Amino acid sequence: MSKVKYTDRSINAKELMYAVASMVIGVGIFNLPRYITTVTNGIDGVISILLMGGIVLGIVWIMGQFIRMYPGKGIYEILLAIIPKPIAFPLIIIYGAFFALLAAYEIRAIAEITKKYLLPNTSSDSLSLLFLLVTLYALFGSRTALIRINSMFLPVVLIVSLLLVVLNIRIMHFDNFYPLFTTDLPGYGSGMINIFFSFTGISIILSYSYLVNEPDKASFAAVKGVFISIIIYTMVFVSCVAVFSNLGTDFLENPTIELGKEIELPGGFFERFESVYFTIWIMTIFNTTSMSIDSSLIVLESLFKKAKKETLIVILSPIIFFISMVPIGMEGMEAMGTFIGRVSLALIAIVPIPLYVIAKIRGVKS
Amino acid sequence: MKKEGNSHIDHSPFLSNSLSSNLELIQTTLGPTPDLKMLKFEIRSEPLTILYMADLVDSEKLQNILKSIKYIKYAPPVDTSLFEQMYSDIYLTAQTDKVSKMNDVIYHLLNGKTVILMDSINEGFSVDTYGGKVRAIEEPQTESLIRGPKVSFTEEIGVNIAMIRRQITDQNLKIESFVIGERGKKKVALLYIGDVINPAIVDEARHRLQHISIDATIDSGIIEQSIEDNFMSPFPQFISTERPDKVALSLLQGRLAIIPDQTANVLIAPVSILDTVQSPEDYYERWHIGSLLRMLRAFAVFISLFLPSFYIALVSFHQGLIPSRLAFSIAASREGVPFPAFVEALMMAITMELLREAGLRLPKPIGQTIGIVGGIVIGEAAVQAGIVSTVMVIVIAITAIASFTLPVYSMGVTYRILLFCFIFAAGMMGLYGISLAFIVLVIHIVNLTSLGIPYAAPLAPIFINDWKELFVRLPISFTKKRPVFLDPVDEVRSEKEE
Amino acid sequence: MKKLCYILSILLFINLLQGCGAREIEKKAFVIGVGIDAKKSGDDSSQPLMNGTFQVAVPRSLKPEITNEKAYQNFEEKGHDISEQISRIAQYSNKELYFAHNQIILVSDKVAKQPQRMERLLDFFVRHEDIRRSVRVFITKGDTKQYLNVENNEKLPSLYIDTLSANVQNHSRTASIKRLGDLQEDLLAHRSFVLPMLNYKNTEEIKLGGAAIIKGGSSRLTHVLNEKDTEAMNLLNGEFQNGMLYFELDDDLYIYKIDKSKSKIKLVPTANGQLTFKITVSVEGEIQEVNKKMDTRTISSDHVKKEVEKQIAKKTERVITKLQKQYKTDVLGLGVYMEKHHHKEWLKLKDNWETGKNHFSQVKINTHIHTSINSAGGLR
């Protein structure tokens, strides 16, 4: 029987690009500007974003190379091909656990933010539970569809982000960019480290490596996806500084949300733009969360080959929910976020490099 | 290409050599039925019987047969047997098939054919005399249009196929015929343009049609429900239409059509979410108008899905998001209304559905009064009584009007169902609820397929090329390619340079 | 397994249905304006007592067919801070005070004169999720209470004040309207700034004019600039939007209408280390009216231009001296300019800019005025 080209269960480079971009843009964006302004002056944080962005582009390119070297293979298979099992096994466990943790954080964060800005009278537990249920519905569907949802949401998210900047131009003070280049080097450095949390999602391309049907283009597609998010981050950061000034941004809990609240369209039903804005951001958080859980799921699937996907979901999801309830209060969330940021820095930014070197050497040998 | 008969093996007895026993068998099979007519003749002392069902045959066609029989009766005898002579003679005037099985005889009789049986031959032949009182071709009723061919399908499969053939006079317009149903054995035709459509889609449709198990296909809807991808989905995976031009356009896009007999609705598949906003008229008018209409419909979809729920969310949960002056006037209009906005909206939306249904069921003149009564009573009196706020009446009215603009009826119904879901979501959790409900909707659409083709295409999976036809309709010279998401064999519509 | 999941999620769903509280729109009291007055302290608390006036819209009376009802209600309560006042109001108000539609915050000059008071007060508004950062802040002369009772063709006093500020572009006789967000930034940076002043005229009118100078550091109201000086300050700040200039020339009265005004600050390098700033003010406008005999021609625009420049220079110089010598407060943005463009030097000056050694008073400010006359109306 002949087939319609794209109906098989694989994703092409373009879909990979969308997936990477939506995965990267998560709850991190809500307080990303604050993380940068606390350690930099004026608009200098842009340098941190761009530098970190450059590094992330490199990492993502390396990750794409893994797909090229081992086309059609899952992340665990790739690891086993490069390093011996005693090292690969704990690594893959950490990888899976990390994504479960990330998903838990995202779920909790979206619930807290919704509670804060939209539904003050609802408990955050039920908000996060509902969010998790929606995510589960996506997980029960096909994995290809889960990835393709990104291409449905991402254009909307991009448009809204653009509007967020364009509609705020009226109240921007470009004077706020000054003074230029007064930040000291450690400031740039810690700015970069603080930003990395917002780039955690990049390793999604390794999770979905086995689905990619154009392995040669994977690196480039992922680079493009990260590039989109770098642009958005830069745009949001610059507009936050322009609107709130560096100091003002530093004192805001969620500068990006406040940025949305600043917009007032003249006349009409949508005078207060944030209603649209909130609705759209929930979508991108959903993308990040669902793909995070899916990444954990992929790890579990590669470890327990005989188990059904549904069973694994049912086992995994309560765990994630309970993790999401662990942090207490604002400080707990902050600590969890920092922890995830640090772990991701070690796991996602640093580990792939030696792996790549080993793979190259081994590849040359064989 | 022709494929008749059932897929399973036929166990019915063959015709015997004796005419009388054959007739007896037919009579006992059909039972005492008044409309079975048997005309007995004798030509050259060979007895023969003409059988037909009285109201299913066209009297003119029947006369033709009788005439040729008369002619043979008085013509000089020839070498061949009488049976062969008659067969070849009538063969010239009408479609004729030889039958040798009792079941076939009955099947042909019940399908308006005239069967001629002779003594001492274990074979008969049937002549197509199908006819009788049928409806003439009329203007489309449910899908009326301003510009374009004003014909609609009738209940006759042959007429319907001919209408499409007249639109697409292409040698590659393939028609496959199936007979479906245990009791109401009826013809179903599968139409597609052989060198345009992706063969996988045809294979899938053929496979599904062959495996339908159902007693009778009274309407296209029953076929649709027996072969759809996901019966749980509120979204129609086939579009039913009564307009041949719409079918022709769909065939040219690389889709297929399923034409059942005895129903004026033809099914088109695969369907994508875009069909919500697309209608053939877009192509008949110049592209500006088409584009404008499409954007309008997209807006209408948005309104009919979100307006009431959005209103509830803002009024019950996020009053801060309403512009100040509007917030005051909404608050003023809600003063004294005893129900929360959620209940209010639900009440009004249900009333709206009742009105719509009542207007549909009643004869036309009364249907109009229902509209007026509904409008005045519900709008005016309910506000006066302080049960509903004025703003809510406006919101529901706009929603109803918006949902009327959608070109595909079944899609419109889908959005009406979803509207209630969104109202519930908004009543529970405001904007957060709407957001989550929308995400669930998107997950569902992305997972849904129609004949194996993703329902959300070309949005997910993304096909930028098809976006030219998404919410606008670009000039025809820009849209030379057939929709990419259908993966057609022949990708370009016309290769001639202008 | 899947079925079990479905059942479970449906159960959870039903459970969720009960947990969420919808508060209908008519059950909320929309606060549209807040006024804060000083009150004599009764108890021995170290924090001064204040009187908060919360203006709430009454939507029912806002309908166009109802003309004789008061469309607002003022809740008044004393307390050390806003939250305390709100919680007291809750004891006798049947609706929950809802701040999302708050348009203005009025602070009486008495309150603003207390050091650090503004900062502490505004914290509530900046912190509250519902309140927008676009809320406008005004200083009132006298108690805010009377301002919130002014009623004219606009039924809601707060909205009247709010729309007053939209008309600033036609006179520029007050400090530019300040959004709460911008105010917070200024307070955070401890810089001096100006706020628009409201003056009570009668029960139907409020006048917007003058500028309240809030000094950085102590963040309290120190001086009030009169309207003329405010105009000049706006010219120097580049905040001047639209306004008139009256002057006499050759026995005729001229009225020059300023349409556009820009200003630019520059630090001029000098040999002796004396800080010298050059403020370039470019003004575009037209001659709107000349009170002269009809048959005489308008004299050459060059001549008028010179006079306009002279007039503006006179105006601005007066205010500069006032600010430097008398008020010793930098509301011209020189400090901000130094901070942004000469950051290193600024770090040295920062602590002694307006206080201590008072660098600001000692800097030299040169103004350069450029004007252009685009039209002289329909006459030649």
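Residue numbering begins at 1 within each chain, and the chains themselves are lettered A, B and C in the order written.
The rule we apply is simple: a residue touches a chain if its C-beta (ideal position, glycine included) is under 8 Å from a C-beta of that chain, and two chains touch if they have at least 3 such contacts.
Keep in mind that what you see is a predicted model, and the values were worked out from it rather than measured.
Chemist: Which chain's centre, taken as the mean of its Cα atoms, is farthest from the centre of chain C?
Modeler: Between chain C and the rest, the longest centre separation is with B.
Chemist: Considering A-B alongside A-C, which chain pair is linked by more C-beta pairs in contact?
Modeler: Taking the two pairs in turn, the one with more contacts turns out to be A-B.
Chemist: If you average the Cα atoms of chain B and of chain C to get two centres, how far apart are those centres in Å?
Modeler: From the centre of chain B to the centre of chain C is 66 Å.
Chemist: Rounded to the nearest whole Å, what is the centre-to-centre distance of chain A and chain C, using the mean of the C-alpha atoms as each centre?
Modeler: The separation of the two C-alpha centroids amounts to 41 Å.
Chemist: Taking each chain's centre as the mean position of its Cα atoms, how many Å separate chain A from chain B?
Modeler: 45
Chemist: Which residues of chain A are in contact with two or more other chains?
Modeler: Residues 119, 122, 130.
Chemist: What residues in chain C touch two or more of the other chains?
Modeler: Only 16, 20, 23 qualify.
Chemist: Taking each residue of chain B in turn, which ones touch at least two of the other chains?
Modeler: 317, 320-322, 429-430
Chemist: Given the complex with chain B, which residues does chain C contribute to the contact?
Modeler: Per the stated touch rule, the residues are 16-17, 20, 22-26, 28, 30, 32, 57, 59-60, 62-63, 98, 100-101, 103, 130.
Chemist: Provide the residue numbers of chain A that touch chain C in the complex, in ascending order.
Modeler: Within the complex, chain A contacts chain C at residues 42, 116-117, 119-123, 126, 129-130, 133, 136, 140, 171, 175, 178-179, 182, 243-245, 247-248, 251, 258, 261-262, 264, 308, 310-311, 314.
Chemist: Note which residues of chain B are touching chain C in the complex, please.
Modeler: Residues 315-317, 319-322, 324, 327-332, 334-335, 337, 340-342, 427-430 of chain B touch chain C in their complex.
Chemist: For chain B, which residues are in contact with chain A within the complex?
Modeler: So the residues of chain B touching chain A come out as 198-201, 203, 310, 314, 317-318, 320-323, 326, 429-432, 434-436, 438-440, 442-443, 446-447, 449, 452-454, 456, 459-462, 486-487.
Chemist: Using the touch rule from the top, collect the residues of chain C that touch chain A in their complex.
Modeler: Residues in contact with chain A: 1-2, 5, 9, 12-13, 15-16, 19-21, 23, 129, 132-134, 179, 181, 184-185, 188-189, 336, 339-341, 343.
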